[in-house]
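I'd like to ask you about the structure that follows.
Labels run A, B, C and D following the written order; every chain starts at residue 1.
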Amino acid sequence: MSAKIPVGILGATGTVGQKFVRLLAEHPWFEIAAVCASEASAGRPYGEAARWREPAPIPEPVARMLVRPATPPLEVPVRIVFSALDAAVARPIEEGFAAAGVYVVTNTRNLRMDPDVPLLVPEVNADHLALLHVQQRARGWRGGVVANPNCSTAALVLALAPLHQAFGVTRAFVATMQAVSGAGYPGVASLDIVGNVIPHIGGEEEKIETETRKILGALAGEGDAAGVTEADVVVSAHANRVPVIDGHTEVVSVGLARRATPEEAVAVLRDWTGHASVRGLPSSPARPVEVDERADRPQPRLDLERGRGMTVTVGRVRPCRLLDLRLALLGHNTLRGAAGAAVQNAELLVAQGWVPRG
Amino acid sequence: MSAKIPVGILGATGTVGQKFVRLLAEHPWFEIAAVCASEASAGRPYGEAARWREPAPIPEPVARMLVRPATPPLEVPVRIVFSALDAAVARPIEEGFAAAGVYVVTNTRNLRMDPDVPLLVPEVNADHLALLHVQQRARGWRGGVVANPNCSTAALVLALAPLHQAFGVTRAFVATMQAVSGAGYPGVASLDIVGNVIPHIGGEEEKIETETRKILGALAGEGDAAGVTEADVVVSAHANRVPVIDGHTEVVSVGLARRATPEEAVAVLRDWTGHASVRGLPSSPARPVEVDERADRPQPRLDLERGRGMTVTVGRVRPCRLLDLRLALLGHNTLRGAAGAAVQNAELLVAQGWVPRG
Amino acid sequence: MSAKIPVGILGATGTVGQKFVRLLAEHPWFEIAAVCASEASAGRPYGEAARWREPAPIPEPVARMLVRPATPPLEVPVRIVFSALDAAVARPIEEGFAAAGVYVVTNTRNLRMDPDVPLLVPEVNADHLALLHVQQRARGWRGGVVANPNCSTAALVLALAPLHQAFGVTRAFVATMQAVSGAGYPGVASLDIVGNVIPHIGGEEEKIETETRKILGALAGEGDAAGVTEADVVVSAHANRVPVIDGHTEVVSVGLARRATPEEAVAVLRDWTGHASVRGLPSSPARPVEVDERADRPQPRLDLERGRGMTVTVGRVRPCRLLDLRLALLGHNTLRGAAGAAVQNAELLVAQGWVPRG
Amino acid sequence: MSAKIPVGILGATGTVGQKFVRLLAEHPWFEIAAVCASEASAGRPYGEAARWREPAPIPEPVARMLVRPATPPLEVPVRIVFSALDAAVARPIEEGFAAAGVYVVTNTRNLRMDPDVPLLVPEVNADHLALLHVQQRARGWRGGVVANPNCSTAALVLALAPLHQAFGVTRAFVATMQAVSGAGYPGVASLDIVGNVIPHIGGEEEKIETETRKILGALAGEGDAAGVTEADVVVSAHANRVPVIDGHTEVVSVGLARRATPEEAVAVLRDWTGHASVRGLPSSPARPVEVDERADRPQPRLDLERGRGMTVTVGRVRPCRLLDLRLALLGHNTLRGAAGAAVQNAELLVAQGWVPRG
């Protein structure tokens, strides 16, 4: 593979869009061919249009690119677009690209729960990508849409999947303590969160409760007849915002179909590597899940960057008086929970042959 | 009642001790007669010995008092001592005062779960004070020890008690987001908590799980034969520290013996006033529980001072996919959860005649 | 004075407007007759239109008032309007009220530096109110406009005025560490300030440098010929935003015309009471300036509420290697620096007879 | 150079000591041969003795090393020791190592201002290393002591040095906003700093005011007769603590001997590379100073990691009403201001031949 695959970024000026720019600017397989945003930004150099919030500087070639309107088809050929569009406007744009033969790797919520849209945490359910056959047939698209889950769900599912595969997860209580970067920019007002907690994030609990069931679900059937049967995992979520910049911490009580001791659970979590096809992808961490047995871990400040933000850290695995186990977990909400997840999904599209390399 | 009741404060220089000084300096019934602390502080004026962290200045007469060692009997007569001693040293000191005929209102954990020690949230279980008969007989004390619960438990129990009385609480999943003031001073290092979350507080979960059962328990028997039967409420707690100065936020899923809609639960919480005997006490708030139905409440920054820190605010009462109801609650950890609770307990001792007024 | 003076609030739904509502709802002299805001809010009950951010609940009668458009004349008679309008729209509205015979007490910056507009910190320059004669003559108004300074300036001037009166302040270096509430709501994004410092606040330094000169200036002439000669104090300001909710901390080096030791400066600051005519006003604190000699004071968390937010706390008065003295000061930015200041200005208008009481 | 130079770390279990471990574990020239700490830790594996606060895990070989007491001579040969000892105990230990022929690169303050001790910011005054001749002669040592400045001073001096060399700095007013990591661990209590500012750091202002003069001073004389004449720069510092984890922000007004416009100053800062001999050292950043002209920079969250924490970022260069220029700067307090600085000093010792390589 000598030439890189040209890709576009939709909603490139926002916080997730900026993460896409940073991750893709140095990507071994992809090359940013277009940065797209709203009409207000279109025509301006990206370096001016974006209020850049990443610590590292804007990659020079991208800074000079003129922002394009996010409307298909783009004047430059792209095989994949990464969508960080606002959910309110995303649907027709994403559908337009998919109809035009482009694969849309989206971070927006609109299509996540559609039965023919793969909702992926690749290590967990890379096989769900087969839904693209159904999607293309049903919608008459030459391209397609692949979604990553909500940021809290992504981290949760990585901790639950090994336990689900080994013991069967039947129930889960989840209380999240979510970073402000999850709300975008400007997002949460400082007056609301400095020295404070907000026990509410609109729509978040519902997403955690439903997306988890789909991702842990089983693929059945083949080709056009493929479908995902949701896992019978009943989740009850309490979503909270805390004054943390990056990193969602979640405390979880888990009910299992087959009993397991904390030690057995730790062993399963430690040994888990996920779908073999995912291991070699550029964005895949060496270990999708790490267990830290120190009493006060994981913590955003100390554990966030494991696996370049793609590893979920689990700690405090212990018995629960109500269900079987309790644990705490931490995931990087803008990497494993958003931009990094989408890039990994795109890599999977290439690795499985949906997007040609050369 | 013309003269005030002379009281002492044990551990008066620490953070809870300072709250005692502030609350008692202006108290209508009590008068600070002695401030006691470790040998290192003894003999120095309180204003020098205490590293004062309260926003309001040290009450002048107390600032000039010489700190005494915390050893009974004190040279000045006191009827009640408020104990904010370190748990590691508290037991023999508190027992010494009780044996000497003084009533010890303690914030320490040592004796809380002893069957003959009243563990009080007065609005909930003022009747448990009858355990003092048992305690005096069993231990041969002329005084006695009355305890208030752990700070997280105090807030939780006030939200659960109305539901327990109306519908029977059988199970509760609790995740706390606790303020740093709960750890005393210097307590939590800033390097550990600025912009961070710590999903661990030593011993806290166990306290929440066991103290709740005792406080919600039923008193049976009379006189020396009195005893509390723990409520059959199974609690699973996840304790977390967040960068908040004051105010513990807790998210809770509740299982009920008799089903209730969120509307019914809100009505019960709103109407609940607790033990009639507690209502008129100086520290009792007009309403021990308030419900705020705004979507993003309660919050430490906005709701902490209700009822001068003695009211627990409940919000987000909604269905739960696993148990019956979900809700969020907030309590002031150093007032309702510590010093204010102890002062209210002392008021109850007076109101019920254990300590004479005049 | 049996009946209260009817007043209106312009920009009543914003953060400063909310502070006005809170302060005026219980005011002994004033009565809220109208709450005004943008067309978008007009016609809705205040309790719905305002996204209330104050800890105390919305005063009930105000919550039910219908918001009016901020255009003079109001359908209800008012003698004073308190303006928390956005500077971009304030000028014609405020001028319209003044022309219509209403006194406008404004927190906006537009007219502050106009030579005929009193820019008041009442304890310092209550006599500047005489500029109203000039203003009414020059502009043909029956009412008038009185301004309070920028929040950082208000606190600075209260610390400098005693020194200026005693020793003559010639130069001042100021570095501010300002709370996020100074930027309104939503104001500063949490992503920008949690665990961070921003060494820039647009326009702030210029305001501190120029407003200080006017407030410390001397009134000369009488009636229509009155005017303020700016004080010859050269100020260099560095404005910074820090993750604090309320309270601007400022560190200052001061050059004096007549040398003074730190002890002499402290004595002057301690003894200073400001204009006699201001002392009895309802919003005036017992002491406009307090000195705290503890090594690490003042601090927002511990010293903010002195004088119900109207007292400035000064500490760390010590020699300076470059100028004469160094010190640190703290002022409540939304009370002494905004809403409280404006209410105090209105009280002065009444006390000096510009607005009749009955 | 095939073999690495064996080095020891004194005070290895503290926060600066941990940074030494992290930086030296992967160093191209140095190899950790010994980790030393107080008697309480001696004999235990480093991985147990250190309460590790770095995000990256403890380097495995170091985790297994047994901690040694910090007393010379060590049983293993070392050529350099890095000292992060507590100042209260450091002096005799450091002197003992120097007498025994070891070069002590120290972060403690004790010897910084001794006339024969090089106080280095290598890009600024690498030539001051010649003081070692004087030191060895005067003290009869075969080794020697080299110090890095206080963390705030290190960043300040890097911004002032280019201006000093080009225009002559005569005066500087400095207000710092310092991170909590500067106080070590546990250091600043969270109750003191969450949502707060403390306008006081013990001893800090004096260090900034005096160390700056020595570092910017000129070396004169040769061999045993060498000496540093302090620069005639009068500095007035205001030190403040803010709730930031890492990164000291400083706002500075600068007086110059020869006038310069902000544009000229920016050009000088941009072009400055410092001592040629320092450029190639492993810890030297590509640019010791970077200028960011965006209005709201530098900021700890966005600019801290430039040059792997060894680059100081300057912004907001603009005129000053009292002196000549105003600017804001940011330096990484535990890297450029502590451990990174010491490692760079050690590299300079090697590069200049004081410590043999092979």
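Definition applied: a residue touches a chain if its C-beta (ideal position, glycine included) is under 8 Å from a C-beta of that chain, and two chains touch if they have at least 3 such contacts.
Owing to the predicted nature of the structure, the values given are computational and were not obtained by experimental measurement.
J.: Equivalent interface to B-D, which of A-C, C-D or A-D, with over half of contact pairs matching by residue number?
T.: So the equivalent interface, with over half the same contact pairs, is A-C.
J.: B-C or A-B: which has the larger count of contacting C-beta pairs?
T.: Pair with the higher count of C-beta contacts: A-B.
J.: Quick one: chain B and chain C, Cα centre-to-centre, how many Å?
T.: Centres of chain B and chain C (C-alpha means) sit 41 Å apart.
J.: Averaging over Cα atoms per chain, report the distance between chain A and chain C in Å.
T.: Averaging C-alpha atoms per chain gives centres 48 Å apart.
J.: Find the geometric centre of each of chain A and chain B from their Cα atoms only, then give the gap between the two centres in Å, rounded to an integer.
T.: 43
J.: Where in chain B do residues touch at least two different other chains?
T.: Chain B, residues with two or more chain partners: 53, 192, 194-195, 243-245, 301.
J.: Show me the residue ranges of chain C that touch chain D in the complex, using the header's touch definition.
T.: Touching chain D: residues 171, 173, 175, 177, 192, 195-200, 202, 209, 234-236, 238, 240, 242-245, 249, 251, 253, 295-301, 315-316, 320-323, 326, 328 of chain C.
J.: Where on chain B does chain D make contact in their complex?
T.: 15, 53, 180-181, 185-195, 243-245
J.: Which residues, counting only chain B, touch chain C once they are in their complex?
T.: My answer: residues 53-55, 194-195, 245, 301-305.
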